[in-house]
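Have a look at the structure that comes next, please.
Here the chain labels run A, B, C and D in written order, and each chain numbers its own residues starting at 1.
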Amino acid sequence: MQKYDDLTEFVLRMGDSALIQAQRLCEWTGKAPALEEELALMNVGLDLVGQARNWLDYAAELIGDGTDADALAYRRDERNYRNVLMVEQPNGDFAVTMLKQFLYDVWQFHMLSKLRESKDDRVAAIATKSLKEVTYHLRRSSDWIKRLGDGTEESHQRMVKAIDDVWRFTYDFLQLTEQENALIDSQVIGDVRDVAAQWQTKVNAVFVASTLTVPKPAEPFYLNSREGVHSECLGALLAEMQYLQRAHPNASW
Amino acid sequence: MQKYDDLTEFVLRMGDSALIQAQRLCEWTGKAPALEEELALMNVGLDLVGQARNWLDYAAELIGDGTDADALAYRRDERNYRNVLMVEQPNGDFAVTMLKQFLYDVWQFHMLSKLRESKDDRVAAIATKSLKEVTYHLRRSSDWIKRLGDGTEESHQRMVKAIDDVWRFTYDFLQLTEQENALIDSQVIGDVRDVAAQWQTKVNAVFVASTLTVPKPAEPFYLNSREGVHSECLGALLAEMQYLQRAHPNASW
Amino acid sequence: GPEERAFQERIDAEIKIEAKNWMPDSYRKTLIRQISQHAHSEIVGMLPEGNWVTRAPTLKRKLQLMAKIQDEAGHGLYLYSAMETLGADRDEEIDKLHTGRAKYSSIFNYPTLNWADMGAVGWLVDGAAIVNQVPLQRTSYGPYARAMIRVCKEESFHQRQGYEILLHMMRHGTEAQQEMVQDAINRLWWPALMMFGPSDEHSPNSAQSMAWKIKRHTNDELRQRFIDQTIPQLEVLGCTVPDPDLKWNEETGHYDFGEIQWDEFNRVIQGHGPCNTERLNARRNAHENGAWVRAAAVAHAEKKQKAVA
Amino acid sequence: GPEERAFQERIDAEIKIEAKNWMPDSYRKTLIRQISQHAHSEIVGMLPEGNWVTRAPTLKRKLQLMAKIQDEAGHGLYLYSAMETLGADRDEEIDKLHTGRAKYSSIFNYPTLNWADMGAVGWLVDGAAIVNQVPLQRTSYGPYARAMIRVCKEESFHQRQGYEILLHMMRHGTEAQQEMVQDAINRLWWPALMMFGPSDEHSPNSAQSMAWKIKRHTNDELRQRFIDQTIPQLEVLGCTVPDPDLKWNEETGHYDFGEIQWDEFNRVIQGHGPCNTERLNARRNAHENGAWVRAAAVAHAEKKQKAVA
C-alpha cells in the first residue's frame, strides 16, 4: 500500500469519496424510479465527478511525480483507494441509494463548510466551489429521506432496512486520524473537528422528521478506509470502472 | 477484429463458449438454491474451464505466434470473442440459468459426438474427452428442465418466461458458416451438419416431457457471434474476468 | 368548418398554433404520437450510453457522457411537457411504450460494443437527429417548436463532442483504438441512415404532416442532407463507411449511396432488433421497481398538505 | 447408569461410537453443535472465494479455485450427513445459521481484498483447519471421524495449492504481486490464530469434550502446533507476520508469540465482524431465492411417484 504525506492522503480521501459515490450513481442510468430522478441522480453524479477531478488534480500536483488525475482514478487498486466506506456500498434499492447519498451529503456539507477556511488555498477553493453543489445535494437527499421515511408503510420499512444495512459504515464520518488532527492544528485544512457532532445533529434531525429511529453511533472496526481496507465490493466496482485504462495502458482517450 | 484461419476460428468458438458458460456458473458461487446444486454447478463449470483450456491451448498452437491459452482468454476484447450468444446472457434466476445450460448442453453434446470423427487428431481427442463430461451435464440439465417445467405452477411460469427471454439467441445452434462447411467437406472436423436437426429434436423432446411449448425456430439477426458482434452484456463479463491480467500486464500468476 | 379554415390559414401564415387554439383532432393525435415517440427515444437512448458510462476511460469523457445522459433526461422532460399541453397524459403514453404500442427511434435497438460507439452515437445518431429536428424548430405547434430549439442546441453540442472523441482516437490513439472507431462506424452507419424513416414513396402520412407544417422536408431529403454533410467529416477522420456505392455525384451536387436494407429496418421497428427486448425490459423494470418510490412521494405530499390544512 | 458406563468404556477403549449405539444426550448435542458449525463453516467459507473466482487471473488458478469451492460444498454435504446420523435435521440446523443462533468459523467474516488472499486462505486458513481436524480423524464418533479423514485429505491438497500460489507470486511475481502476498498475510495472520478458539482457561467445555474424546488436544496446544509448523514455511516465502513478539524459544522448542486480540475475536464471534452481515445475507438470500426451486423439485418428484404408482 502506497502512503503519501498527510495532506495528499486527505485530498485523496475527499476526491476518492466523490468519485466512488458518482460511480455508484452512474449505475442507476436508465433504472431510476422517475424521469425527474434520472436527471437528478446524473446531475449529482456529474457534480461529484467534477469535484473528484479537482481534488485528484491537486493530489497529483502534490505527489509531483508526473502522475495525473486520470492515473490516480484509473490505475490505483482498491488497497490504495481512500474513499469513505459508505460510498462504495452496493446501491440496493432506491432507499439504500438515497440513504447512502444523504449520509454522505451531510458529511460533505459540514466538511466543505469548514474546509473553506483552510490555509491551503487549493483546498479552500475546491471546498468553496463544491459546497454550492453539495448544498443542493443535501437538500434533495434530505427531502427524499423524509418522503420515504414518512411516506407509505412499505417505503418506511425499506428505509428501516436500509439503515440497518449501511449504518455500520458511518463510523468513517465520526473519526479523525492523528494525521488529520495535525493538518487541523497547523491550519493547513480548516477545523473539521466539529463535523462529527454536526453530522450526528443533522442526521438526527432529518431522521426524526422522517419518523425514523437513529441507531446508536457506529463503532470503528477492522475495515479502515484510510488504510485501504475496504469492503469486498470495491474491487468489483473498480474492475468495471478501470477496465479500458487497464486494457489499453498506453492509450490516449 | 482479428480473423484467423477457419480451423482456428472454429476451435476458438468451442473454447470461448465453454469458458463464458463457466464464467457465468462461477457467478453462482454461494447463491445456489441448495448445497447439492452449489456442488453441481461448480462441477460443471470446472469441466467447462478444463475444456476451454484444451481448446484454447490448441488455438494458441494453431495461431503459433507465441500466444497461449491464458493470453487468449484474458487479453482478447469482446469483438474478438467467438462464443455462442446463449452462454454470455445474464444468469437471471435458476430457471434462466438451467435453460441456458440445457440449450448449450444439447448443442455441445451433438457437436462433440460428431467432432470425435474429425480427421484433425486434436479436435477428435478434445471432443472425445469432453463428451464424457457433457453427457453428464446434459442429463443433469434435462432433469432440471423437467423438474421446473413440470414442477409447481410458479416454476412452470418461470420456465415459460425464461424461454421467452433467451430463445432468440438459439439461432447460433442452427447455423453453419461457409467456413465451417468447408472444414466439414475437407473432413478436418466431423460432419456436424446434422447437429441443428438433432438439437431441435432433443430440445423438443425435453420440452414436451416438461409440459413446455417449443417456440418456432429463432432466426439469425444482426448479432453475430462468429463476427464478434455480441450482446452488450459480454463487455461487463470480460471486464470482471480479465481485470487482474489487464491491471498487471507483465505478471506471472 | 370555419374553425378548420382558420386553423389552416394560421398555419399557412406561419403563425404558431398554441395549446389554447382550436386544432383538428387528427393534428392533435399526430403531434401526440410524434412528440411522445421523440420523448421515448430520449429515454431509451440513455440505455446504450448507460452501458458505457460506468466504463468511460477518463474523467473528462465520463463527465461528458454523464452530461449528455443528463441532457437526454431533460429533453425527455420538455418533450413530455410539450405533449401534455395537447391534453395527453405522460403515464398513459409511457404505458404505451412499455406495452409495445408506441415506438421510439430504431437506432437504440442496436448494441454499443466498444467505447468508440459513444463517439459514433454522438456524431452520427445525434447528427441525424439534428438534421431531423432543425426544421422542427419551425414546426407549426408552438410548444413543440420551442422545445426543439433547446433540444437542438444541446444536441449540436453532443454531436461535436462525439466527433471529437472519434477524432482524438484516430489522431492520437493506438491501432486498437483506431480499429474501434472504424468498427463503430461500420456498425452504426446504416442504422443512422434508417433513422430518417422509410423512403418517401413508402411514407404515407408525410403529405398531411407537410400540409400542417409539422414536417417541412421529406424523409429522403433529410437523409440526403445528412449524408452530404457527414461524408466530408468522415474523410477528415480518415475512416470509411460500409457502402461500396457511395460516391460524389458532380451532376446532382449530392452523394449517391447504396440501397438501405429496409428488411432490417422493418424487423427492428417491429420489435425484433438486436436489443429491443433488453431496452423494453430495462424501461419496464425501472418503472415497476420505482412504483413504491412514486407511491411514497405521493403519500408524503398528501400528509404534508393535510398538516398545512 | 450402566449404559453410560458402557459408553465411556467404549470410548476409553478407543472403539468408535456409531449412530445406533446409546449415547448421552449431552454428547449427542455437543456433537451436533460441533459438526453443524463445521458444516456451516464450509458453506460460508465459499463466499470469500466466490468474491475472486470470477476474477482468477489464469485458467489454471481458476480451475484450482473452482475445484476448491466444489470440495467445500462436498465437505458441507458429508458433514451434514454425519450430523444427520445423530438425528439432527439439516434444514433446522441451517435455519439456526440463518437466524444467527449457530456459529461458523470466525475467519470467514474477514474480507478477501486481493488475489493473494486466495493463496493465503488456502495456506493459513486451511492450514489451521487441518491442525484442528487431523485429531478429529480419531474422534470418538465414527461417522464424524470418517468424514474428517476425507475432508483432511482434500484440505491438505488445498493448503499446498494455496502455499504454491503465494510462493509463485513471491518468486516470479512483480513487486506489486509480492506486496499483495505480504498484505494478505498481514491481514489474515491473527484471524487464522483465532480459529483455534479461546485460550484454554477460557474454554470451559473443553474438559468434557476431551473426556469424550471428541477433542483430543486443547485449543492452545493446537494453536502452538500451527505456529510451529507455519513459521518455517513463512520464512521460505520471505515474508513476515505482523507480530513483533514472535521468536523461536530454544528452551521450549516452540515459537513464542504475542497476545491475541481477544476483543476482536469476541466481537467477530458476536456478529460484529467486518463481513458478518454480508455473509449471512448472502446465505439467507440464496436460501430464500431457492425456495421455489426446491418446491418445484419436490412437486415433480411427487408427480413422478404418483405416475409410477
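The rule is simple: a residue touches a chain if its C-beta (ideal position, glycine included) is under 8 Å from a C-beta of that chain, and two chains touch if they have at least 3 such contacts.
Listed by chain with UniProt protein names: A, B = Phenylacetate-CoA oxygenase subunit PaaC.
Here the structure is a predicted model, which means the values were calculated and not measured.
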item: Chain at maximum distance from chain A, centres defined as averaged CA atoms; value: B
item: Centre distance in Å when chain A and chain D are each reduced to the mean of their C-alpha atoms; value: 36
item: Where chain A touches two or more other chains at once, by residue number; value: 77, 239-240, 243
item: Contacts with two or more other chains, residues of chain C listed in rising order; value: 55
item: Pairwise touch network: line, ring, star, complete, or other; value: other
item: Pairwise chain contacts, counting only pairs that touch as defined; value: A-B, A-C, A-D, B-C, B-D
item: Chain B partner contacts - residues on chain A that touch it in the complex; value: 77, 236, 239-240, 242-243, 246-247, 249
item: Residues of chain D touching chain B in the complex; value: 43, 46-47, 49-50, 53-63, 66-67, 69-70, 73-74, 76-77, 80, 115, 165, 168-169, 172-174, 176-177, 282-283, 285-286, 289-297, 299-301, 303
item: Residue ranges of chain A touching chain D (in the complex, touch as defined); value: 1, 77-79, 165, 168, 221-223, 229-232, 235, 239
item: Chain A-touching residues of chain D, taken from the complex the two chains share; value: 48, 51, 55, 110-114, 179, 183, 187, 264, 267, 272-275, 277-278
item: List of chain B residues in touch with chain D within their complex; value: 22-23, 26-27, 29-39, 42-43, 45-46, 49-50, 52-53, 56, 69-70, 73-74, 93-94, 146-148, 150-152, 154-155, 158, 240-241, 243-245, 248, 250-253
